[in-house]
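One structure, pasted below without further comment.
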Amino acid sequence: MARQVADAMWAKDLASQALGLQLQQVGQGHARFTMTVRPEHCNGFGVLHGGVLATLADTAFAFACNSSNALTLATGFDIDILRSAHAGDALSARADCRHQGGQNGLYDVTITRGEDTIAHFRGRSQRLKGRKVVEEI
Amino acid sequence: MARQVADAMWAKDLASQALGLQLQQVGQGHARFTMTVRPEHCNGFGVLHGGVLATLADTAFAFACNSSNALTLATGFDIDILRSAHAGDALSARADCRHQGGQNGLYDVTITRGEDTIAHFRGRSQRLKGRKVVEEI
Amino acid sequence: MARQVADAMWAKDLASQALGLQLQQVGQGHARFTMTVRPEHCNGFGVLHGGVLATLADTAFAFACNSSNALTLATGFDIDILRSAHAGDALSARADCRHQGGQNGLYDVTITRGEDTIAHFRGRSQRLKGRKVVEEI
Amino acid sequence: MARQVADAMWAKDLASQALGLQLQQVGQGHARFTMTVRPEHCNGFGVLHGGVLATLADTAFAFACNSSNALTLATGFDIDILRSAHAGDALSARADCRHQGGQNGLYDVTITRGEDTIAHFRGRSQRLKGRKVVEEI
């Protein structure tokens, strides 16, 4: 089911497509995306823009928290940036469910470049009661 | 000086340019950017991607915390999303300094759509000792 | 009404009483508490324990977000500590509503010592549907 | 060395002593404390005060981030509260280093009651250059 939901989300997720994100893996409560940093992802100092880094993490978070087909929106997130990334870097973002109550969820995303951790992200989500991502499943 | 620094940052900030952000105002410790939400800023649910929203805020934050020409990087931020935005919405992000010590800074960004607040963002920054954004000023 | 709710909360709030907090003001969406730092509020470095500082802010937050008598719990908070406080310092924590939707709320608390800001706190709250703090009002 | 540092911190940590915290384990980059919730730890709704919960986590964080004897202060933290705790509950807070650069650190603390997770806490720390917790080691 997680894959069907992910495919439906991905088809319309123009923001993630525009950044060149790639879905590598998705399952119940988790998801992993990768991206290669391009010059147009960088800020005025030539390092990966913090917002683009957050977008990578937020996409992994969204696919993880919607993986069981209960329509879920992010209410917010925190990101701690440990290292700068640069054009050419290959990044991976792995999202895992830390808590999923009836409505509220908490998901951690770790962004890595090879063995280095680039950032830790923590997302908060809220399910819309009775709403599904894909109606027919 | 804030304007000179902002112009230098903007010239190289390909990520902010790609999203169509527009610098409206910058001064000592504050900055304001606007953007009009486009379909390619939206996620799989047809609402503005949280990461793109964070990018708008993060850019305003970056221009505010570098406004006195001391080279400053974000170490992280939090965002709380209060309302969804959609394609066609005109958004404004206003960043203001809450604290600037010798090295550590705290900046609040409020994102609005007309009279509605869309999100509150709080950024943490750290200055690189002895480094300037623009060397000659 | 805010005062009646506050009085009912205060009567049972043994944790806030034990720390010597004092309610100075409460109204629709806001509250202000003060405390004088005592040696037993301090940590192993002789500075005010971050958790005690957070308790002061969290109490102000709780009284602000319950001020309209809709039973409300904190789902979490962030605190940024700008300056250390010490035994003998007189602190004030002012909580203000930033957003209150049907269920979710966002409140900012600023902790000051005279003209210095000691910390910024941001609390997230959630109302329990149909529940009141004080049944008879 | 972690144990010597912890003993020196504990001897003066009146706030943690007053709450009845107990150090169970400490080592390079980690620490674990326990507490039994008492009525005087609870708020006006009869549940464990969020600030007291944060104090438990913040103490574990402080002992973990100072464990290598480099004097380190918290610059802030986030807490997400997943479940309420009540008088009589036995809680455990385990702090682990997620990142320790030359100066900045990031530590995660998980608070549990038996098999249930009560809260996730993320602390940010900063080392004071050249300062030790215990001078003679």
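Note that the chains take the letters A, B, C and D in the order they are written out, and that residue 1 is the start of every chain.
The rule is simple: a residue touches a chain if its C-beta (ideal position, glycine included) is under 8 Å from a C-beta of that chain, and two chains touch if they have at least 3 such contacts.
From a predicted model like this one, the values you see are computed outputs, not experimental measurements.
> If you take the chains that touch subunit B and keep only those that also touch subunit C, what is left?
Under the touch definition, subunit B and subunit C have A, D as mutual neighbours.
> What chain is the most remote from subunit C, judged by the mean position of CA atoms in each chain?
A
> Just give me the whole-number Å value for how far the CA centre of subunit A lies from that of subunit D.
Using C-alpha averages as centres, the distance is 29 Å.
> Quick one: subunit B and subunit D, Cα centre-to-centre, how many Å?
Using C-alpha averages as centres, the distance is 33 Å.
> Compute the distance, rounded to whole Å, between the mean C-alpha positions of subunit C and subunit D.
Chain centres of subunit C and subunit D, defined by C-alpha means, are spaced 21 Å apart.
> Could you say which residues in subunit B touch two or more other chains, in rising order?
If we look for residues of subunit B contacting two or more partner chains, we find 75-76, 78, 80, 124.
> Going by the contact rule set out above, which residues of subunit A touch subunit B in the complex?
For subunit A paired with subunit B, touching residues are 8-18, 39-47, 49-52, 54-59, 62, 71, 73-81, 84, 119.
> For subunit D, which residues count as touching subunit A in their complex?
Its residues touching subunit A are 78, 80, 82, 98-99, 101, 104, 106, 117, 120, 122, 124.
> In their complex, what parts of subunit A are in touch with subunit C?
That would be residues 75-76, 78, 104, 124, 126 of subunit A.
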